[in-house]
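Look for chain A in each of the two complexes below; its partner is chain B in the first and chain C in the second.
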Partner chain A sequence: MQFQFVSNDACVQMTGDLTFTDHAVFKAMTDRLFGGGNVSVTMDLAKLEFIDSAGLGMLLLAKDTAEKAGRKLVLRSPGGQVKRMFGLTKFDTLFAVEE
Partner chain B sequence: MPLEGQAATSAASATQGPRLTYWDGASNNSLTSALSPPATQCVEAGLPDECHIGEPRQRIMGHLSLLVTTKSAYRHPISRAFVEAIESRTALSNDLHDRIYTATQEAVMNAVLHGNLRIEGELRDNLEHFVEFHEAIERKLELPEIAGGLIRVDALWNSKMLYVVIRDSGDGYEKADVPLLSDTLTGTPAGSGRGLSILEAICDRVVLLHGGRAIKLGFHI
Partner chain C sequence: MLRGGPVAEAEHGPDIAAVPRASEAASEQTELLQRWMALAGMQQRVIDALVAEISSTSAFVETEAEALSGRFQRLAHSAEQQTARVGSMSALAKEIEVNGEPVPIERIAGLLEGTLSDVVTKILMLSKDSMSMVYALDGLNANVIQVDKCMAQLGRINKTTNMLALNARIEAERAGTAGMAFRVVAGEVQELSKATEALAREMQAEIKSVTAGIADGQTTLKRVATVDMSENIMAKDRLEVLLLALVNRSDNLSAIVGDAVREAAQISSDVDGMVTGIQFQDRTRQRLEHVVDTLHVIGQALEDIRGRTKAVVPELSGEPGSDAEWVKGLLEKFTMSELRARFVAQLLDGKQLGEISDAPAHDVPSVSGSIELF
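And then the complex of A and B:
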């Protein structure tokens, strides 16, 4: 998985695959995303092509971390296999998901 | 011996028997090359002969096997390359491709992390421990006896069904020890434990074999 920050670090665009080999890079990404002063932060998933159960777990833990810090985590534009996995695991009911 | 940096088809491929190729373990491109038709068996270079793959016993239309080390299964997206190799041999709808790829990835992840690396989920259940989790994996991959543990992936298909079988070298597990998907969506957020439930949701058939050291995933085609 690769990522790029936009909007003064309030949004991060993720690309590629988010899988069980991405724990360290995901942690680095969330450190920066949650390290700023933005109350609402967004992960833009439009270019994320694939996610496995480990990637889903990372998103869930990120949501928990954000809420404990008084922040709101929004997931934007999941598509394809990622959107399908969200539906399968009911993640779309747990997160604020923007189409 | 295989050539450096590229797949080498064995002498056996000139006959009607198994068409064996070797993967150099170097890159995704060389894996794709090693898995390309007419290969039926692809083995990571350097593995001892006794590790090599036998022929399937049942009568089938097509089959493909891949045997790699744990280290290579972690370093390279072998599931993607393997499913693309299946697709180059038998037509798959987009839906079926996604389900097979997702399921194979889940099973390979389980085989690598829980089977061969024997790393349990606790460190994955807290974002603050992710770097520690990553470092624990890297330390294990520095140990030859662990890094060299085998992961085997087989695909077998006919006109009606396609099966993918993933095997590891670990201790296995019991299905009763795996949490239900509904359990992972309630209470404390957990970074792990959804894999088997996802498999059962997207596969037409899931069978644990050999005490959990292998899993057979079936799909109607």
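And then the complex of A and C:
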């Protein structure tokens, strides 16, 4: 997985696959995302092509971390396999998901 | 109409020439009476033949109607059973039996959906907890590395301390007696340094063991966390499609069976109506009995008048035979050869019904129908 911060670190654009092997990179990314002064932060998933169960677990941990830090985490524009996984796991009931 | 008579005689008086005419008239009257008597006799035979035919036809209708009614009743019974069977199929289409309890298909789909959602939720929780442990072990590993660095630093300090103690000891030896006390302190410092070094080695060994344990834990956790459960989550998608197809098929089957039940019930109702409708033979028999009774009365009246006429006019005993041509004219109107044969035997040949070898119509197999086509 690759990522790029935009909008003064209020949004991070993720690209490629999010799997177990990305856990260290993902942790560093979320530390930076939640460490800024933005109350609402967004993960742009439009270019994220694949997510496995470990990736879903990492997103759930990120949500817990965001809540503890008093941040609101928004997942934006999931598509393809990622969107189907979100639908099957009813992620829209756990996260704020924007189309 | 008889010609001449008392009125003509009263008006014209006795007439010698009229005697032969009176005789001729009497003869003509006798002949006409004879013809009336013959006609009456033939009518009586016709009535007997008609009575026999009506009775035979009535019995035939009765027998055929009863047979038909029996068949329709069997058909009605079969239709009722068919309706019941189709009805039970309707239940089969809507539900299945689990441990002796009927469970609707929709409920099964709901139960499976609930179970699958539960499995997916647990997979998510497992993934989240696994990743949480991975993060925790990552942090612990970083702490251990830091402690390892500290231990290395401690080793370096201890080595320096040991060198200082050694130098102090050398300087104390040079000072001789004056350095005696200083030599004792330098020895104690050297001993302390050795003890610290031993403790540092022991701690290093323990830290190495902890590091190896963390590494093993990380390897095991990695093996667990890298088991991708996304296919299992996707299985829910496929199962939902299958369940939807199953429910749709169940609905379609129910609709078809429902139509079949309604049609079977309609057939059953129609057949019941036909069984009722086929009871017409009772009224037909009663009507024909009235006709037969009436014909009997007419025949009896003809017989009475013939007897009385013969008693009054004995000359009529030699009445002429039946009018074969008139009878043939009558019989030519009959289109059924079987019926015509019976009438010929009774009217022209003078046979009784019991003497006629030709079987009545009801002996004809009913399945082929007793109607003769022309």
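Operating definition for what follows: the second predicted complex is superposed on the first by the 99 of 99 C-alpha atoms of A that agree within 3 Å, B and C clash if a C-alpha of one lies under 4 Å from a C-alpha of the other, contacts with A are read in each partner's own complex, and residues count from 1 in each chain.
In this text, a contact is a pair of C-beta atoms (placed from the backbone, for glycine too) under 8 Å apart; a residue touches a chain by one contact, two chains touch by 3 or more.
Keep in mind that this is a model prediction, so the values were computed, not measured.
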| item | value |
| --- | --- |
| Partner chain(s) touched by A:Gly80 [first = chain B, second = chain C, both, neither] | first |
| First, second, both or neither for A:Met58, with chain B first and chain C second | both |
| Of chain C and chain B, partner touching more chain A residues | B |
| Touching partner for A:Asp17 - first (chain B), second (chain C), both, neither | first |
| Chain B versus chain C as contact partner of A:Lys27, first or second or both or neither | both |
| Contact residues of chain A, present in both the chain B and the chain C interface | 19-21, 23-24, 27, 52-54, 56-58, 60-61, 84-85, 88-90 |
| Complex interface listing, chain A residues touching chain B | 17, 19-21, 23-24, 26-27, 30, 50, 52-54, 56-58, 60-65, 80-81, 84-85, 88-90, 94 |
| Chain C-touching residues of chain A, taken from the complex the two chains share | 19-21, 23-24, 27, 51-54, 56-58, 60-61, 84-85, 88-90 |
| Sites on chain B touched by chain A in the complex | 74-75, 77, 80, 98, 101-102, 105-106, 109, 112-113, 124-127, 130-131, 133-134, 181, 185, 189-195, 198, 201-202 |
| Chain A-facing residues of chain C, complex | 117, 120-121, 123-124, 126-132, 134-135, 138, 222, 225-230, 232-234, 236-237 |
